[in-house]
Structure formats: structure tokens, C-alpha cells
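Mind looking over this structure? Questions follow.
Chains here go by letter, A, B, C, D and E, matching the order in which they are written, and residues are numbered from 1 within each.
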């Protein structure tokens, strides 16, 4: 029984470590802010869940797994909220999701996410929102940042 | 291997140098306050690297760990006090920085000196 | 445990007890009254401590009932009692004197915060003076410096803010240097109690750490005590602080750091590093001599009266540093007694300046013309203080200079040089005091200046003259000040009483 | 061996982040990096077996000081436009300072060397006598509250002075600003009310954070925790509510007079415990006279002063945050 | 089990280093905020695994405090951005108005 628990928690821990490492690697390798955000936030919750569950198995029937469950619950709630809020803030302050299609060229009308134009685009975005400076227009789907534009548009094109 | 044991003190010395350099070289008030807080947290590192004992654990004597070697509690008590002193000085310095920004309109020390000289 | 045994703790406990009360009860005038009551009680307790200490006996008070190296211990000997008396005396005089001038400088809104900060500044300084634990000195040093920053930033002029900011930066760097020094000492001896440190630091074999600790502690305290090259925060801080605050911090705050330097150097480093006296002299004598000349020269060319007195404080601190550097009984006595006397002189002079500022609404020397006739009593107090600075007989300044000269003469030809330096700087002092007297008495008030006719209010004049008269009394009957100072010097140097 | 590997990793990161803080132009980035700096420092303290200090450094260094810096940045400027001052003098002085220390620390005891003098003199007495005299598992809390209680009293008054200083500097704002009308409330932008998800999650977590703060307060004798950490955690909870709901609602939750009373009451409690032990015939801050049996007296004393410290630190952090957030840009 | 904890700790440390590198190099400010957020979560995991590695599992409430502080830090950043945007909008209006 003890050996089984050990093997199970070892597997969980190692996969959690792998997830966490992939997250870190993804944050380094991804070309642009939103994709990095995507890599970081997913592995944050996933890796944390695996590692914490792995540790829970080791804790036995004392108070420890309860504490680990509290940590997991807390991370499970706050990490996605923080990522969402960050992406929303980035979108509102004008960081455009600039991605390449297969041909390597930027999409027509998309500027690459260089910081310099951001200031200009920032004030443009602000003027665009001047009518309702605080309340975001209900219609605009500001809730979910553009996810994986490359695959969808590529299919539409071919 | 012996030098590795002193690594903490070298990092303490380097952090002090960075903190002092930030204080002397930068004239922006907020940047100097950040440098000041870095200067103070370097000292915490000096005290806490004194309390480590090989194979020791945190000095909380519970039922399972009576006969273990324990780390030295005294530097931890001193640093608990020093951290709160650090945050109090930073809070006061930030309040003064806000008042300076309102009185002078800028937080660059050299511009403030020119304004004072003209006055 | 009779009340008499509890006195050492009471001198700080009273101040710390009333600070939150003064902050919370915001009725009109209550914070000032609470602050004055607490500080005066603390002054009385400090005087009774001095009465016991004058018998040559050291009071050890274990905080929380824990024995010496494990708990924190209050260590009150002649030196701490003298300094405690100076601090609480200066604070109560400045508070009683400053009631009116603070009322118009510090609004009704910030009064509770201001007077609570005043109480904490006094508590911090007194706490530093009576404690016998190296880290505890750092904690109370932080209390006193944080509350001094608050007191200075309450000044009406906007330049008070920028001078407070510079004082914060230099004060924190100084305090952190002191903390690093204590950290190295702890690393080498394992204890924090000053007496225990003194005993154990002798057996340390690798003295490199102790040398560096001595270096850090001395430089840190030199920054806090505004010794010459590290004094740049002090003139602006004294000039733009509210007048009553300048009276208090000029009289007490920089001298406490010098007290800590004496306490740490003589109790700990003297008996560990072999020829530490030579190192101390090499460190302090050049600084002291530079302070004497630079302070006086800067004061001569200064137009603002408060900054003029601040520069003269820099040079007077140079005297104290010289006294400490001589590491002889006479020299140390001269230094300690000058700390006390200079507190009295500068307190009186800054009170006179505050009276002038109240009536003339400016402290610029040029437009104080004709103040001699308009405000005879205030200017008379100022002149008495000026004579004290120069060291004319019958003034407290003369006593301390007398002991410094005596100590210098013991040092052979180097001492003769020091005596010459002391005399020259006294002459420089004559110049900048005369400059003010000449403007006040022998120059007609300018035509367009607003005519000032009536004298400063009685409630401000009486404390000023009390301070000046106590100064003269201590000049005549030196049993208390020199008595305590010589006992302190003998105990520190280990000479039989 | 294992600690050396981890501390090697963490300390090198610490130096890299410190150099980055020095070089960045944008103050906001410097504040963010100083948040990372405190987190690495706290992780390092944890590796060096200082659990209490790690908790304090994290809660105060990474939490409260980042919020204060951001509050101050919102009121001042965001870019460090300081012209490049001659770098020779600062470089020389700081490298001289560093050189002196490195020169001295060659004779310092190695990390974790049990024969160092520091572990010989005073520390074993504390570790041995605490179960016997004070009978509190967490030796650090015992030393902090009882053996060196006078230090912590000074510490509480340092925090009290900081609160007084900030109130004196950023004190009363014109009352007109506080009585905000509903229309103006819509426009008031110091809240995240229109972000639906953060608002719901934030408000849902505030009670748990305050509860966790109280747990740390009363758990201080048994595990890492105590008055400072608990006060900072409770304040962090209230600050989260004010961040989400906006300054006005935050000041309705914890009104300004209440946090000042909390500050003064905490400091007053601590001193009155000291005076009470004097009245009961013991020395100042000697808890063993507080109850019939010395050990019970110590427990009672430590409990009351930790509560005092918790109250003061919570009140101070809340007052300072409100002072910054209420200060509109002039 | 000992070396599994050790391997996990090393993996977390490497991710921390990567997060710090992204924090330093990140072109836009949001990359830096992302790095801080990621670093905070990794510290939580690091503390949890280290407390199991050193055999003192009752230090987990430290990890919970870290997670909480990290969460509040991100909210403070959000509010800072928002007030910055409003200030920019106000300045833009004032210039437009002039």
C-alpha cells in the first residue's frame, strides 16, 4: 500500500515538474505576449495541481493534506483570475495580439507588437473608448482575448 | 569548497554595493527609495546566513522533532524587527516623496535643487 | 520592587505610555499638555537617576526579569544619567517654550500626530542612552530618527520636505552601517549585551572582523552625529524645521550619537583591539579639526541665522570629537561636559532665534537690524549664548574648553598644536557672533522694514532666560556637570574613582 | 549540501534581479522587480531555516511594500528621467565598501558551521530554557515576545511612528473629496468594479484572507507566525477589498478613525502590559508576575502583546494604504 | 522519495530562473507582470516541496500566505494600469481641449 502511494505520488510529482518546466520553457520561447500568457497560465494551474496532489498522497491522514487542499483550492481560484485580469488589462491598454500566418507575414492591418507604436495605439484605443471611458461596451467580446487566431483564419483561407 | 560556504557573505557585499550605488548615482527619489530598501534587505541576508546550522531545522520544538539540531533563533528575532523598521522607513520616505511631487511638481533631485537655488 | 527600583524603566515607559494617548485624544490643546506633562515627569525621574549616579554607582535593571546576556538590560551610569537629564530637560524646555510658536506653525489638524512624534523622539533618545544592549540601541535609534523626520517635515516651508528626504536617506544609511557593525560583532562574540561584548571581544583571535565592525559602527555614528564631512543633512534640517523642533534637536539629538560612539568605543573596542586609541585618534582628530575650521568659516559667510547656528553646531561637535579622541580622563571629561554645556547654550540661542522669528517673521540676519533696541531681552539672551560659544569665562562654554585645553596640554607638542587650533576656532566664533551683534545693535532698522516694537511674549521669554540662567549656574557651580562627567570618564577608562 | 545548492541558485538570481532593478528606466518595472527581489529573499530565508522571517519578508516585502510603491507611483511620476550622473564617485565608494566587507568575511565562520561562536553562547540557552520557562513550541516567538520583549516594544513604536508620520504628511484631505456623490462614484476609477470576474473572486476571498491572518496570529506560538505577520495579512485582506471595491467603499469597511484607534490601542496595550507587570511587583515587561504560575503568566503576557502587535501593524498598514489611495492627484 | 522531491525542486528552480529571465528581458511591461505572477506561484510550489524535503510539513501555511500575497500584487498592478489609462485620457482631453 505504501509503495503504491509512493509510486503514484512520484508519477504525479514528476509530471507536475514536467508541466511546470514546459510552462517556463513556453514563456521563454513564445513570440508574443498573449501566447506567453497562454503558456504561463495553463501550466500554472495544471502543474500546481499535479504537484500538490502528489504531495497530498504523501501526507497521510494528518492535517497536512487539508492544508495542501486549501493551497490547491486557493491557487485554483486565483491563478486563472489573475491571468484573465492581466490579459484584459493588456488588451484594454492597447497591446495588440500580433501573430503570423503560415506564410510568415503579419496579418494585413496588424502591426507587430513593438513597444514604440503601442503608445500611439494606446491613445488611439483610448480615443476609441472615449464615449464610455469606464464601462467597456457590452457588445465588444472583451471577455476572452483572441485565442489561437492562426489555425482558424488559416482554415477559412484554405 | 570552503569559498562556497562564504557565498552568502559575498552576495551580501554585492547587494550593499548595488544599493549604495543606486542611492548615489540615481537622482530620482523613488528609485533612491528602492535602492535604500535593497540596501537594508542586504543586511537581513547577513544576519540570517549566520543562523544556519548544518542539518538543523527551524527552531520550532514540536512533539516529533524534540532532539533535532535547531537553527539559532536570535538573528531571526533581530531580523523580524529590522524588516518592520525597513518597511516603516520606506512608507515614510514614500509619503515625503508624494508631498515633494506636489510641492515641487517633480521628483528629480537635481531639478529640485535648481528650483531651490533660484528661490 | 519599590518605585525607586523601577525608575530606570519609568523614564522611557512614561513617554511611551503617553504617546498613543496624545495621538488619540484630539481635543484642543490636549496633545500639547499631555506631551509636556509626560516629558516633565520623565525629566524629574532622570534627575533622580542622576542623583544616584553621582555617587559613582551603576544601576543595572533587567528588562522582563531575564538575566544579563539573555535578556535586555538597562545600564545607567553617570554618563547615561547626564545625557538623560540633558535630553529630557531640553525636550521639556522646548515644549514649554514652543507652545505658542508651534501653535501657528503646526496646524490644529496635525497637532496630535506632531506631539505624539515629539514624545516618541524623546523616548527614542532616552531609550538609546539608558539601554545596555547593542541591538536595542539600533531600535531606539530608529524610533528617534523616524520621529525626527516627522518633526522636521512639519516645517511650513516647502524646502523642509526635501531636507527631510535627504535626512532620511543619510540617517537610514548611517543606522544600517551601525547595524552591520553590530552584526559583525555578534558574529564574532555571539552576544549583544554591551558589557558582555566588552568582556568577550578580547578573546577573539581573528581581529579583522572586529576592526571592520569598529569601522562600520564609527562611520555610521559619525553620519548620525553630523561629524564634519558627513554633516550635509544637518544645516537644512535645522533651518527648515519648526523653530521649537530646532531648539530640541539642536540641543540633544546629534549628541546622543556621539554618546553611543563613546559607549561602544570605550566599552567594547578599547579592550579588544591592541592600539585602538591610536586608531581612534587618527580617525577623530583630523575630522574634529576640519569640523572646527569648516564649521566656523561656513557660519561666518552665512546669511540665514538658523543655518549660521547650525554650522556653529558642526564646529562645536568638532570640539566634542577632539575630546573623545584624546582618550584621557581630562579629555573625555571635557567632551562629556561640552555635550551637556553645548546643549544648554544652543538650546538658549535657538530659543532666542525663535522669539525673533515670531516677531520679525524672518531669520535673515540682514533684516534683523535694530533688534537690539526692539527686543532687548531676546537679544540679550542671544548674546549670552554667543559668549558661551566663544568660551568667555562665567559661561558654560568656558568650562568645557578649559578641560579640553588641560587634556591637550598633557599630550606634549601635538597637544600644543591642538590648543592653538582651539584658540583660533574660538576667535572665528567671535567673528560670526559679532556679525549678528553688530547688525542687531549698531544698525538702524531699514526704512521699508515693518517696525517691530513689542518684545517676545512672556511665555516664550521666561523659558529662554531660565535656560540661559541655568547655563550660567552650571558655569559657576560645576559640581553636577563636571562631577558626573569625571565619574563617567573614570569608569569608562577603568581609572579608580 | 542541499541547502548550498538551493541558496547558490537563489542568491545568484537575487544579484541578477538587483542589477536589473538598478538599470531599468521605468519605475514601474523597478517596483515589479523589487517584488520578485523580496520573493527570492523570502525563499532564501526559508532555505536557511528561518520560517518566521520568510513569512514576514514575503507578506511585508512582496505584499505590502509593492502595494505602497504602486500607490506612490500613481501619485508621482512613472519614469526615472535622472540624467546620467558621473558614475565614478558612486562606483568607487560602493566598491570600496564591498571590498572592505569581502576582505573581512574571509575570516567569518562558514555557512552552517556548528562550531561557530554564534551557536555556542546565547542561542543554546534559549533553545534549552524555552520549553522549561515559557513552554512555547516556537522559540522565535518566545525570544521575540518575552526574552527580548523590550526590543519588540521599540519595534511596535517604530511602526507607530511611521503611521504618525504618514498621517502628519498626507493627513486630512479636504472633506469635499470624501463625500462622493453617486454620479461621481461611477466615474471614480480607483476600483475594479467593471472587471466582473476579479471583483467576484476578490470579494469572495477577502474573508478567508482575514481568517487566515487571525489563524497566523493565534497560531504564532506553535508554528511560524505572530503579531507582525498576522497584522500584515489582515491588512492585506482589507487592502484587497479596497483595491476591488475602490477607496470610498474601502474606507466605509474600515473607517479612518477605526484604524487610528486600532494603531493607538495596540501600542497602548503593549505598554500597559509592561506597566501592569511593574504594578504587580515584577520588572517592566516581566510576564511571570501576571498570573499565579510564572509559565501561565508568560503565556498570558505573550498572547496579549502579540494581539497588541497584530492590532498595531494591521491598523498602520491600513491607515497608510488609505492615506495613499485617498490622495487624489493634485 | 527523497530524490523525487529534489528533482521537482530543481525543475521549479529552473522555471523560476526562466521566469526571472522573462521578467528582465520582457519587452512590454505586461511580460514583467506575467513573470512576477508566474514567479509567485512557483515560489508557492517551491516552499511546499521544500517543506516536504526537509521533513517539516507543517510550514505549509507559509505557502498559502505566498499565494495570497501574489494574488493581491497582481490586483494592485491592475488598478495601477487603470489609473494610468484614465490619467492619459484626462491629459489627452486637456490637450484636445486647449
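Rule of thumb we're sticking to: a contact is a pair of C-beta atoms (placed from the backbone, for glycine too) under 8 Å apart; a residue touches a chain by one contact, two chains touch by 3 or more.
None of these values were measured; they are calculated from a predicted model.
Undergrad: Chains in contact with chain A and with chain D: which ones?
TA: E
Undergrad: Please state, in steps, how far chain E lies from chain C along the shortest route of touching chains.
TA: 2
Undergrad: Going by the contact definition up top, give me the pair of chains with the most C-beta pairs touching.
TA: Among the chain pairs, B-D has the highest number of C-beta contacts.
Undergrad: Please identify the chain with the largest separation between its CA centroid and the CA centroid of chain A.
TA: Relative to chain A, the chain with the farthest C-alpha centre is C.
Undergrad: Let me check something: if the centre of a chain is the mean of its CA atoms, which chain is farthest from chain E?
TA: C
Undergrad: How many angstrom between the C-alpha centroids of chain C and chain B?
TA: Distance between chain centres, rounded to whole Å: 28 Å.
Undergrad: Distance from the CA centroid of chain A to that of chain C, rounded to the nearest Å?
TA: 59
Undergrad: Indicate the whole-number Å distance between the mean C-alpha point of chain A and the mean C-alpha point of chain E.
TA: Result: the chain centres lie 13 Å from each other.
Undergrad: Can you list the residues of chain D that touch 2 or more other chains?
TA: If we look for residues of chain D contacting two or more partner chains, we find 51, 71, 73, 101, 105-106, 108-109, 116, 118-119, 122-123, 126, 148, 151, 154-155, 158, 161-162, 165, 169, 189, 192, 195, 198, 202, 205, 223-224.
Undergrad: At which residue positions does chain B touch at least two other chains?
TA: Chain B, residues with two or more chain partners: 16, 20, 23, 29, 50, 57-58, 60, 62, 74-75, 78, 81, 85, 88-89, 92, 96-97, 99, 109.
Undergrad: If I count partner chains per residue in chain A, which residues reach a count of at least 2?
TA: In chain A, the residues touching two or more other chains are 74, 78, 81, 85, 133.
Undergrad: All pairs of touching chains?
TA: Touching chain pairs, listed by label, come out as A-D, A-E, B-C, B-D, B-E, C-D, D-E.
Undergrad: Applying the document's contact rule, which stretches of chain C touch chain D when the two form their complex?
TA: Counting only chain C, the residues touching chain D are 1, 6, 9-10, 13, 16-17, 19-21, 23-24, 61-66, 69-72, 109-110, 113-114, 116-117, 120, 123-124, 127, 131, 133, 135-136, 139-140, 142-143, 146-147, 149-150, 153-154, 180, 184, 186-192, 200, 206, 208-209, 211-212, 215.
Undergrad: Residues of chain E touching chain B in their complex?
TA: 54-56, 58-59
Undergrad: If we count contacts the way the header does, which residues on chain A are in touch with chain D in the complex?
TA: Touch residues, chain A against chain D: 74, 77-78, 81, 84-85, 88, 133-136.
Undergrad: Can you tell me which positions in chain D touch chain B when the two form their complex?
TA: Listed in rising order, the residues are 3-4, 7-8, 11, 14-15, 18-19, 21-22, 27, 30-31, 34, 37-38, 41, 44-45, 48-53, 56-57, 60-61, 64-65, 68-69, 71-73, 75-77, 80-83, 85, 87, 89-91, 93-95, 97-98, 101-102, 105-106, 108-114, 116, 118-119, 122-123, 126-127, 130-131, 137-140, 143-144, 148, 151-152, 154-155, 158-159, 161-162, 165-166, 169-170, 222-224, 226, 228, 313, 320, 323-324, 327, 330.
Undergrad: Which residues, counting only chain A, touch chain E once they are in their complex?
TA: 6, 9-10, 13-14, 16-18, 20-21, 23-25, 27-28, 33, 36-37, 40, 44, 47-48, 51-52, 55, 58-59, 63-64, 67-68, 70-71, 74-75, 78-79, 81-83, 85-86, 89-90, 92-93, 95, 113-115, 118, 122-123, 126-127, 130, 133
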